[in-house]
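These are the structures, in structure tokens.
Shared between the two complexes below is chain A, which has chain B as its partner in the first and chain C in the second.
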Partner chain A sequence: MNRYFFYNYFIVCFTNLMLLIPYFLTADRYGGAVMSIVLSPIFGYIFLYMFTSSLSKFPGKALPEIFSLFYPKWIVNIVMVYKAVLIGIAGALVISTYAVIITSFLNPNANQYVMLMLLLIVCAYAATRSTVSIAFILEISLLLSLPVIAFVMYKTINNPLMNWDAIHVIANHVDHMPTLLSFACASFVFTGYLNMGLFNRILPPNFKFKYIWSYPIIAFIVLVITFFVPIGIHGTETVSQYIFLWSATADSTRMMYGFIERMLFVFLIVLINISLTFTMVGWHMVIEYIRTIIPNNVVNPDEKKAPLRSYIIAGCIIIITFVTMLKVTDDLMLKFTAYFLIFRLFSETLTTTWIFILSRKKVRKYEKEAAS
Partner chain B sequence: MRKKLLLSTIFLNIICVLLLSGCGFKDIDKRYFVVGTGIDYSGDEEKPFRITIKLAVPSVSIDPGSSKTQIESINSATIAEGVRMLKAQVDKEIDFGHCNVFLIGEEMANRNIQDVVYWMSRRRDIQNIAALGVGTPSAEDVISKQPTVERVPGYSLNLFFSNDATESSFTYVELLTDLFRRVNEKGLDPILPVVEIQNDTSYVVNRIALLNKEKIILILTPEETQLFNQISGHLGVTNVYGSFPSPPYVIALNSVKTKYSITNEDQPTVNMKIKQTVTFEEEPVNERSEEQHKVLLDLQQAYSEKSQQLLVKIQEAGVDPIGFGLRYRADYDLADFDENWPDIYKRIKFEINTKMSTRGSGLLR
Partner chain C sequence: MLERLKIILSPSEDLIQKELKHPISKQTIELAFYLPLVDEAKVHQFVTVPFSKNEYPISSLFQSNSNFYIVEDPASWVDLILRGQALIEHQNVIYAFDAMHYKYNDAPVTQVESTIRGPQHSISEDPIIALNLIRNAYMSPELTIDQRQVGTISQTSLYILYDQRKSNQDTLKLVMNKIEAIHLDLINSTGELERLLSSKKYQLFPTLLMTERVDRISRALSLGKIVLVLKGSQYALILPVTFFDFIHAVEDHYESFWMTRLLIVFRYIALFITVSLPGLYIAVLSYNPEIFRLQLAFSLVASRSVVPYPSFIEVFIMLIMIEMLLESSIRIPRFIGPASTTVGGLILGSAIQQAGLVSSVMIIVTSLMAISNFVLPVYSMTLAVRFLKYPIIFIAIFFGLSGVCVGLYFYIVYLCNMRSFGEYYFRIRGKFTPQEGDIGQAGAR
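For the complex of A and B:
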């Protein structure tokens, strides 16, 4: 069952491209970006350890159930709405960035809002499925994408345009203090563990998290590749000119004997896979969190039929996202993404610490009961 | 239940069909594929850009010489506007997605290439792996030339810049990503291959133009171009390294490895080590292999001298296509690169050490 934790962790790790994290990091390449990248796995590992060790104190319980062990209903409701909004925004940002990418690379004549609506409907419908189904979809989609991701990374690193001097120049700037935004960006890659706040429900009671030390290491390698490979290909200056940095990087590789000469299209297909899956998982968490607020909720991770309330919540997500995106321009979205990433850093630090403290409380309670 | 399912499926399909009609997708027979683009300086200050595009005309037969193309040109104030105006001259949608060759006219390249490069990088349908070159005497002349042996429209020029067909040690292939990088990078200057017309029927690509960030500073001769390609490691991609003539000997290079480091003393020096494995292609009649060792020493000396002359020539022109500046930035902390580097580069001395090892003297003793 540890593999379901692996999938949840790495779907977030790979989605960093869609939240424009390479863009923000390279904008700060002469500043604190390198130091943030170096520091973030340590930070990521500590929080990963705190969160997983606390979850193992509450087997089979998701965040709403854990909070309601300790607090009255109304506090739990507020916390859950807050968490749901935060996760929902991440999904909405990813899916609308993808709509922009589709209209700018694949089909420029298409109406962006029609594209967005189609993507929204697909994601929201998938999100209403049961938690177990979501875990299976996640597994299939990630297993299908991983070989292609590995192929794209391998091809780009082996690109003859790769210039190691440029990477060396940027790596020399390791002695700068990290800025808030670049640290928030770098640490986002390591926050996949938060999905377990819901997916803990499907884990068996005697479950043990294994090999958690290896997760930040792999994620760190992914982060280093996403940051340094574009610099090697586009150079130290030009790298900041691109918005969709990795699309431009994938487009710079020629596949002489492939079916398609431009690697861009292969890359976009993986990207759609990853971002749809990420949004599906995120919005599923939103639906499950909001459902706990509504009275008479039945928690069943393997339900046969989705209840009406799931559909209603999914419909609300679609409407809210769509109406917001009607007003938002590309520039505004960039700014908003930056603020979101920073806010998320603080919020997740708080949540993790909170859960950790609650788990210690529970341990102490048991010790007291055992003593008396 | 089944009826309900069927109805809902039909309903969903209808919705999908309604949505799809809005996509504005154009069929392949309603499109013109651009197979070559040239951008020239028109000589008119008001409308400085002269844009030439070569459109592929689909043809039933693929015999040598049967490729048909249509050439359209226009003068305009900006490139984007020019392309838009060209659309009014043809009956189908113009698609740059398959255009692999973009030529900049020599006159344009002597003025400023930045507008062109930025326009190309900004456009989404122009591939980042498209090849660029300088067209002499003008891009329009080169683009509108129809080689007599061409089978597929516009393919001849395309093959020059792909590694599928001809692999020449004289041809430098510059891709859009690389050019855009070099236009902005501190300590790495742009290079463009020069495309000429030979005998009015075919192309020659055997020289390179070295640019500062904006315009051509120096054009190398074919011999220098080959030497440059060998030193800069550009040929490693194709495994074709060319030769080194030093009469009465000609050696073919089987592999070249170049390494260099820069010292940061009063007299900054580039220490370049070139390692080669070679085969003799031409040597005087009746020469025996006993003397090869001595000959090889002379050849090493000659190669080092030639390379040094080339590097000094490039240095005196004030351009840095190999990227010594970038290496210097990587190795040493330079407070203000743009301010200090030109002085350092002017003072740099080149020390080149060539080591050749021979695999034999060909099929003859």
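For the complex of A and C:
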């Protein structure tokens, strides 16, 4: 059942690459972007290892259950609200960025907020499903998207406009120290393991994380492609002029044969799938985390019917996201995303280390019991 | 003998076990057979009637008639009784009496799920014939048949078939509870039963598979599924099922490997086409004609240039027409069935295009959609899928291409969320090893 871990890891990887991360990275292309791309898989692997090894000490337990083994209820509540807010923001950012992308590339006449509302409602409905269902949806939607993503990447790399000199020039800037923002962006791609903080619940009791060394390698290859290919296509200077970099890159690729000539539309259709799934997974985690705070919560990863509280939390998420997006301009959203990415870097470092220490504590406790 | 048979064979309603005692001669015989498998008249004629009349010593009958023969090895009992032999014990000697009766000739020909090279008979409205066919196709002592009466007035017999060893006990209990909970005066068809048994009233997809094919039933039994046979209905219900069972035709096992695999792929393509094509037509022509390459976009728009209204009205005209056609061809008598198709399909279709009410591309879209719909091998799924395009059309009217994608995504979410009697309805099984365990087990405390 390792594939379910694979899906959780790569949904984060692909979503972030397709949206704003390439923009921040290319903005820093003469600075530390290349170095942060080189460093981030190492950093990502260490934390991936720490997190998975500590989760395997707590089979079938999600983060709320793990924390409540060690701390009183109120501390757990605070931590869970904090985690939920952080994950919820990530989902909201992705889905609202996608609403902007749709209205700028696909339906220029449509009202952005109506479109956003549609996406929000579908995501929130999907997020209220049970954890097992979420895992199935994730699997199906990734399996449908991955071939198309691979196709888009392949076509873009084989684009005759591709200028390898530009890539070479940028790659030579590897000797710069990474900046905080570019490192936060690059390492964000490797943080898919955090989803297991909830999905550990559905894994079978004797589950073993296998092949985790390969995950950062694959994610690293994807990251390199997403960073360098747009540079090769647009050139070293122009590349920073696009906000939705990969949409513009896909648009410069032409398919000679077939119904659809411009790669952009294929890309946007996959992107809708990926971003809906990412937000669904994120908000499902929010719902499950917040639910543990409410008393009389029943933890059941395969519940037949979503309880009312799930719907209420999902409704709150919709309202908060929608109202915030009414106020926020695109420019402000970019800035906010940057701050959020940096903040998330520190927060995740902290949480992962914390869980790791807790798992060692548990091991030591058992060793002590065994000795006495 | 009877005590021993009780241990070997699973307790089943159709297993007849009798002990006959003659009041005058004080002789006893024990009699056991499967009711659907044997010709009951033959058993009466040769065993019970001579025995009750006490015409001559019954043992001499057994010894003189070549249809009876002595069985010495108890291990062969199961085999014999499953092959339609009646077992008779008289004075500690066990005889087998060949009363086997295949009822293939009484079975009707398949109407809905026809195949080219598979078996052509379907189960019958007569439950005894149906059970005969099933027992002959699934000759296992583990096959259990329970009987219930449903419907307070109709008192229709319902036979519940399952493999005792392979079926899931939780599912069985769930089904039994649901059957007990049915309170309805009249039950006439399995379709009615299907509605009563499915967990939710407003669900888009069938969670029970209605079939008339014996080979599908026996395969389902061997996979540990439960089969319901209703008296007076030519269709049986199989449960629990997954979405993929509905895409799967029995013929996939009979024909060449590669072609059947390819056909399964085509069925999924057909499913996609029939659900999304009208919605995509609206989305592309009204919102994003630039998606297609220039020449294609031109010819699409040019074919629509004579049509005086927006694309969705066009779609509605054609969809209403095609639904009327389909519905009328079911309702009208068989003899004039082809007439309606000719009038509707050929004459009306070409006339409506020449009159400029509908573009010629729309005619192609409609017919492609209708044809793809009937590629799906199970009728209940065909019906369910026939509905699915309407929400997609509505969302396409308001949101265009992204609306279609979101709508299809919603269907995936809906499917993944569905359960058929506790079993996951829509999931990729993948490689599954019991050592590793399945997801969702740890949490189900």
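The working rule: the second predicted complex is superposed on the first by the 369 of 372 C-alpha atoms of A that agree within 3 Å, B and C clash if a C-alpha of one lies under 4 Å from a C-alpha of the other, contacts with A are read in each partner's own complex, and residues count from 1 in each chain.
Rule of thumb we're sticking to: a residue touches a chain if its C-beta (ideal position, glycine included) is under 8 Å from a C-beta of that chain, and two chains touch if they have at least 3 such contacts.
Please read all numbers here as calculations on a predicted model, not as lab measurements.
When chain B and chain C are set side by side, the one touching more residues of chain A is C. In the superposed pair of complexes, A:L118 makes contact with chain B and with chain C alike.
With both structures placed on the common chain, the touch criterion links A:L276 to chain C but leaves chain B unconnected.
By the document's definition of touching, of the two partners only chain C reaches A:G60; chain B does not.
Contacts of A:Y4 after superposition on the shared chain: chain C is touched, whereas chain B is not. Legend: residue contacts after superposition of the two complexes on their common chain; A:G315 is shown touching neither chain B nor chain C. In the overlay built on the shared chain, the residue A:N107 is in contact with chain B and with chain C.
Legend: residue contacts after superposition of the two complexes on their common chain; A:S141 is shown touching chain C, with no touch to chain B.
Overlaid on A, the two complexes show chain B and chain C touching the same residues of chain A, namely 107, 109-110, 114, 118, 261-262.
Those residues of chain B that touch chain A in the shared complex are 19, 22-26, 121, 124-125, 127-129, 162-164, 175, 177-178, 180-186, 188, 236-237, 323, 326-327, 329-331, 333. Looking at the complex, you find that chain C touches chain A at residues 287-288, 290-294, 296, 399-403, 405-406, 409-410, 412-413, 416-417, 419, 424, 426-428, 430, 435-444.
Taken in their complex, chain A has these residues touching chain B: 104-105, 107-111, 114, 117-118, 160-161, 163, 165-166, 168-169, 172, 233-238, 241, 248, 251-254, 256, 261-262, 264. Against chain C, in their complex, chain A makes its touches with residues 1, 3-4, 59-60, 102, 106-107, 109-110, 114-115, 118-119, 122, 125-126, 129-133, 135-137, 139-141, 143, 201-207, 258-262, 265, 268-269, 272-273, 276, 280, 299-302, 304.
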